[in-house]
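Each of the next two complexes has subunit A plus one more chain, namely subunit B in the first and subunit C in the second.
This part shows the complex of A and B:
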């Protein structure tokens, strides 16, 4: 009788310890699931905002990397960093092709691979007196410092 | 008589420890599950707040609101929007939003769809000069901040939205 009771107690104890283990694991997973997502979304939105503002203010069209960089640094919160590459093309009407003209690189570089890097692309045009002067494709990376 | 009594005491002690340990485990399971439930509820509220902050800031900086010229007749506003063009904040819309919020904060919350939360909005130039601040200026608890880069008066500016729920840690 006594032996049987002991086995049952051990049985319940092991079962409860397993339940406790599962609960602790769930707590860890729930805590870890929270980190990052909002910050990542904010980071992507902020980068997109900045690119939109630079485009609408005409700063991007200047293709002046130091001007673009200084404007970004004024708006971008200090916890973030951004890098971008602008590839500029001319349009050749004769061949109806885009001809690569030059490349402008702006701002920081990160070699970190273990963190989230938001990426985006934007196409914009530069107008001259007679029409479109050139077309540009901007690619950016944004990350938390 | 004596050996019988001794045996009974051993069994009793065994049972006492077993029940004690069992109750301790049950208690731990209960405390952990209550704590887990509380944490997951808090996380869900935080998720809601973050989602709301993103949606409201999108709404404010990307569109003109509904109807699009709501600032000229503030009583008809259904959706706030401060941008004439995407990311270009219009003075008249910003002023109308500030006036509505200053005069009837709860109405603003209702239009923004955040009756259970509190918020404030601040527009400032990149050099820190504050252009407008409106809403509840006493944030408490877990505050979600959203900063959006915009154009105001042909200059780069920042729109800061803070949203919180008082009971959230």
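This part shows the complex of A and C:
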């Protein structure tokens, strides 16, 4: 009789281990698949919209990092943060080449997190009179604070 | 004893089925989320391409506005063009060509195709009305040509601030009726001459009206099927600021857009299997 009880306990223990194992495995499978959501896409779209506003307003063309930063803080939802690097080039008529002029860095108010960082690129031009004064390439990072 | 054994087997089978169901659910969820990840990666790639395209659209629009000398916007069902005729030869082609080189040098996998050279040609969609400059941007002439008839009619309002328009009613009276071409010459008030070529009679058809009180505005109505070309010209070459509104009367609710025909932006993000080809829209 006591041997029967022992076997029964062992049986239940093994059964429980199998059930818990399956549950644990299922949890791992679901968790592993949880990277990459539509929120991440929204980050890139949001950054794209912000950069477009800055370009349309002419703020980017100022190449003034503090002005750009303050404008971003005005229009960016408080849960997000953006940093950007702008490389500016002049056109040399003689050599017909683009000559590197300077780099403008705009940092976010928080450090970039170890979470998803959306990235993008955009070009813009600055005019002087009826001609383009310089050409810029902007690269941005956007993340959730 | 037998009954107890059967019960145990039943419980074991039930537990097994529950476990399999949970595992299956996890696998299905995993596949579903993997699909979401794949789709969101592709959509992110499209967004990245869109970010590049959006920058190119803005830059080209500024080049058209600053170097081409035409400020273009869309207001309701109207495409609005503001420019000064006779302001001198523009460096539009050179500026656009430089921007193309810059874009293709500094943005990987991006290509700007320019459909035409030698002047700014624009197309008003969806009616396919060409807005062109036969003597080049900064020249004396604007020409509007209807390319298709997927509209009921379109109206052209030309404004010249300061009352520099001629009295169009007098001009219209000198036209022989019957042709399909209408030329309107806008000149400075110093020389109040006017000229229509062709035999389309805007006066008899009632298609042309002018604000004779201030002499600031001409309105032209072109019904579908009449193929009326409209030429607006600063004949004295003294420089006339003109605002041209092209208002479409179309059956659909499609908003007008102004594009550069034959010009495309191609962004090829091959790593993501995404190629985005967009026409160059300037308004």
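Criterion: the second predicted complex is superposed on the first by the 102 of 145 C-alpha atoms of A that agree within 3 Å, B and C clash if a C-alpha of one lies under 4 Å from a C-alpha of the other, contacts with A are read in each partner's own complex, and residues count from 1 in each chain.
As a working rule, contacts are C-beta pairs under 8 Å (C-beta built on N, C-alpha and C of every residue); 3 or more make two chains touch, one makes a residue touch a chain.
Everything quoted here is computed from the prediction, not taken from an experiment.
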Which of subunit B and subunit C A:41 touches, first, second, both or neither: both
Which superposed partner A:56 touches (first subunit B, second subunit C, both, neither): both
Partner chain in contact with A:29 - subunit B first, subunit C second, else both or neither: second
First (subunit B), second (subunit C), both or neither touched by A:77: first
Of subunit B and subunit C, the chain that contacts the larger number of subunit A residues: C
Touched partner set for A:99, first subunit B, second subunit C, both or neither: neither
Partner chain(s) touched by A:131 [first = subunit B, second = subunit C, both, neither]: second
Subunit B versus subunit C as contact partner of A:14, first or second or both or neither: neither
Contact residues of subunit A, present in both the subunit B and the subunit C interface: 19, 23, 26-27, 30, 33-34, 37-38, 41, 45, 52, 56
Subunit A to subunit C touching residues, read off their complex: 15, 18-19, 22-23, 25-27, 29-30, 32-38, 40-41, 44-45, 47-48, 51-52, 55-56, 87, 89, 91, 98, 118-125, 127, 129-132, 135, 137-138
Subunit B-touching residues of subunit A, taken from the complex the two chains share: 2, 5-6, 9, 12-13, 16-17, 19-20, 23-24, 26-27, 30-31, 33-34, 37-38, 41-42, 45-46, 49-50, 52-53, 56-57, 71, 74-77
Contact footprint of subunit A on subunit B as seen in their complex: 11, 14-15, 18, 21-22, 25-26, 28-29, 32-33, 35-36, 39-40, 43, 46, 50, 54, 57-58, 61, 85-88, 126-127, 144, 146-151, 154, 156, 158
Residue ranges of subunit C in contact with subunit A within the complex: 12, 15, 18-19, 22-23, 25-27, 29-30, 32-34, 36-37, 40-41, 43-44, 47-48, 50-52, 54-56, 58-59, 62-63, 66-67, 69, 90-91, 95, 98-99, 101-103, 105-107
